[in-house]
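Letters A, B and C name the chains as they come in the text, with residue numbers starting at 1 for each one.
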Amino acid sequence: MAEQYKSLHPIKYYRDYLAHGIRPDGREFNKFRPILLNVGSIDTADGSAIAKVGNTTVVCGIKAELCKPKPDAPKCGFLVPNLELPPLCSPKFRPGPPSDQAQVLTQLIADIIENSKCIDLNDLCIFQDKLVWCLFVDFVCLDFDGSVVDACIVSLLGALKTAKLPFVEYDPALDNIQVNMEERKHIKVHSTPVSTTFAVFDDKVILKDPTQEEENLCSGILTVVFKDDELCCVHKPGGSPLTQEELSQCIEESKERTLFIKRLIDTAV
Amino acid sequence: METVTDKTNISCKLGILSRPDGSAILSEGNTTVIAGIYGPVEVKLQKLLIDKASVECHYRPKSGLPGVEDRLYESIIRNICETSFYASLHPRTAILVTIQELQNSGQLISCAINAACLACLNAGIDMKFMFSAVTCYMNFEDDLYLHCASGKETKAMFVFVFDSTEKRIIASHTKGSFTKEQFEEAVELSKEGCEDRFTYYKKVLES
Amino acid sequence: MSQSEFVLPGHIIKDVKSLRGVTILGPGLRQNEDQPNTLCVTQPGKLCIKMPNVYWIEGNRNRYIPQKGDLVVGVVVKKSGNTLKVDIGSAEHAALSMLSFEGATKKQKPDVQVGDVVYAKLLNAHREMESELVCIDSYYKAGPLGLLSNDGFLMNISLTLTHKLLDIQNPLLRTLGKKFCYEIVVGVNESSLDEVMRSSAGRVHSTITKGVMRPASLHTQEPTSCLFRLPLDLSPSQISSKYSSVPRSPAGGR
């Protein structure tokens, strides 16, 4: 009976649950789903990690390439994130060029990386004006079940902290590059950004770490990213308006989670 | 229609384009965008929604094709518009918002959002409330201010979108890092800025 | 009718008057669900109130939204079987049956081509459904409705102008009539019952015959000539009894 009710009146179904202070998957409003992080899972990548937040699964792989820096920033390397949402992860997506949502999330992740300054692009410089590292950070979503950004950021950190770049010698006189694959070193990760997603249901109930179902039914989504004690992104792309108090409350709650995730990443690495 | 200028450093003209149902050209400082609205119009079968109008937003940069960053702006503007419209009044139709960037010297997103709102008002689309965006900057001395001398480095930038009824936050977009207290301060400051903008809207529409 | 302040979306109107529990809302207003007896403004414009219980906003919407009973001028864009698709400037093309012309039968259909201009009445305008046009009234007579001649001009005009043209006191058409003999069809895309401007674009189709010095009256009884037949003195209660279920443009005064 519940199944039919759910498919006929999904919003009502949720309302009934939420009125009793619990969500259909048995969580309370402010409870997170369990997080799983596995690092170094892909051999062929320079760094990799798989993060699972509930059912949401994201694989992150880092591939490093050598390239020439831009003339206006001769000491800066590149970091190019890209999120792929294949049809495999959700029936919402079709094969073909990246969907709008994939592009929007990619940009959001790029913003978070830039704002948190977790990677200093100057660290990626091998020889000024001649040779820098370009890190391609590819995310592939295997299961799209809400709070994808959270999972992406966790897997990103896992991958970055395990990524090892080969030692490169550059001879400017001869323009000769020698790569020593045996001798590898870690990339310096300056901070640990942690993202928390909230969903606003019916303009008043705020659900933490929403599933895909909840995200679809909700009227607004909020993503807060903490970097240690500082905020580095409060992203709310429209949706039902929140008061300042509600927003502060969300920020406060996401702060509590930061330490936990940080410990998780450190343990995994 | 007359160009109206205000202490908010905004100037705006409504209904400058003849083909769209509503249009607005808006400059904040030196940043200028032009927005046009069609709606409610025929909808593509793929995007048809049976219970409400589908809102689409297209953002065109000054030159070249829209990139990934512009997609983010598009989605923000689209979501804001969708929140503010009474979309259920026009099911099986589409409301198209097109924004063309003309000049960018900072606070581009907030300028685009404000232009979208004025164009919607000009088109007479049914809205629950108006919205206005304010960009707030923080310099390296941790001072907050609403107007930015272009080209100056800032530690953080905040864009807040408020609704006109209860001054709640519809959207927020940030750059750089900051503490929670600074964030709250920025919200307060922007809230004051948005009041000015709503008064300005009224002035523009009445004239 | 009293015209008061300029209002913007989100504005709340308090102390709304009603007559026997009925308040008539025009365009730009919605019932506010949060508080009883208040209205929510959805369009920018001037708030107009006609005592005792009619409220509407006079703003400028440019896109036509079909309303049941509206007399509209449309262009035939497609012919498929027995139905015509007519562009009336709204989001969706309206359907017009070939059989809903005067004297049309299954064997004898009117000669309508794509591109022809018709003057028709909206029989049905439900937002969930395709709107439906007819060119006959309930007595199967065309009246002024039907195909419009092809030697005229079709112009899209602003709704304010339609309003003015349809105003019986407006001297423009009458003055013109002293010079030329002409026919004009103002497809208000506005209900014949609503004297209040529905904010939508109107259309004019006019044929001017030069040289004939017959002063053409705008209010002649000839069926093809004109359509200024606005019942100006419907009382609000009459309207509410007719359209109590749908919030629609009220009868405002001029």
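Following the convention adopted for this analysis, a contact is a pair of C-beta atoms (placed from the backbone, for glycine too) under 8 Å apart; a residue touches a chain by one contact, two chains touch by 3 or more.
None of these values were measured; they are calculated from a predicted model.
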What is the chain whose Cα centre is as far as it gets from that of subunit B?
C
Where's the contact count highest, between which chains?
A-B
Centre to centre, by mean C-alpha position, how many angstrom separate subunit A and subunit C?
54
How big is the gap, in whole Å, between where the Cα atoms of subunit B centre and where those of subunit C centre?
34
Separation of subunit A from subunit B, taking each centre as the mean of its C-alpha atoms, in whole Å:
27
For subunit B, what residues touch not just one other chain but two or more?
163
Residues of subunit B touching subunit C in their complex?
21-22, 38-43, 50, 84, 86, 89-94, 121-130, 163-165, 201-202, 205-206
Please name which positions on subunit B make contact with subunit A in the complex.
68-69, 71-72, 74-83, 161-163, 166, 168-180, 183-184, 187-188, 191
Enumerate the contact residues on subunit C facing subunit B in the complex.
6, 8-10, 12, 28, 30, 40, 42-45, 59-63, 65, 91-92, 127-128, 199
Listed in rising order, the residues of subunit A that touch subunit B in the complex are 100-101, 103-104, 106-108, 110-111, 114-117, 219-220, 222, 227, 229-244, 247-248, 251-252, 255
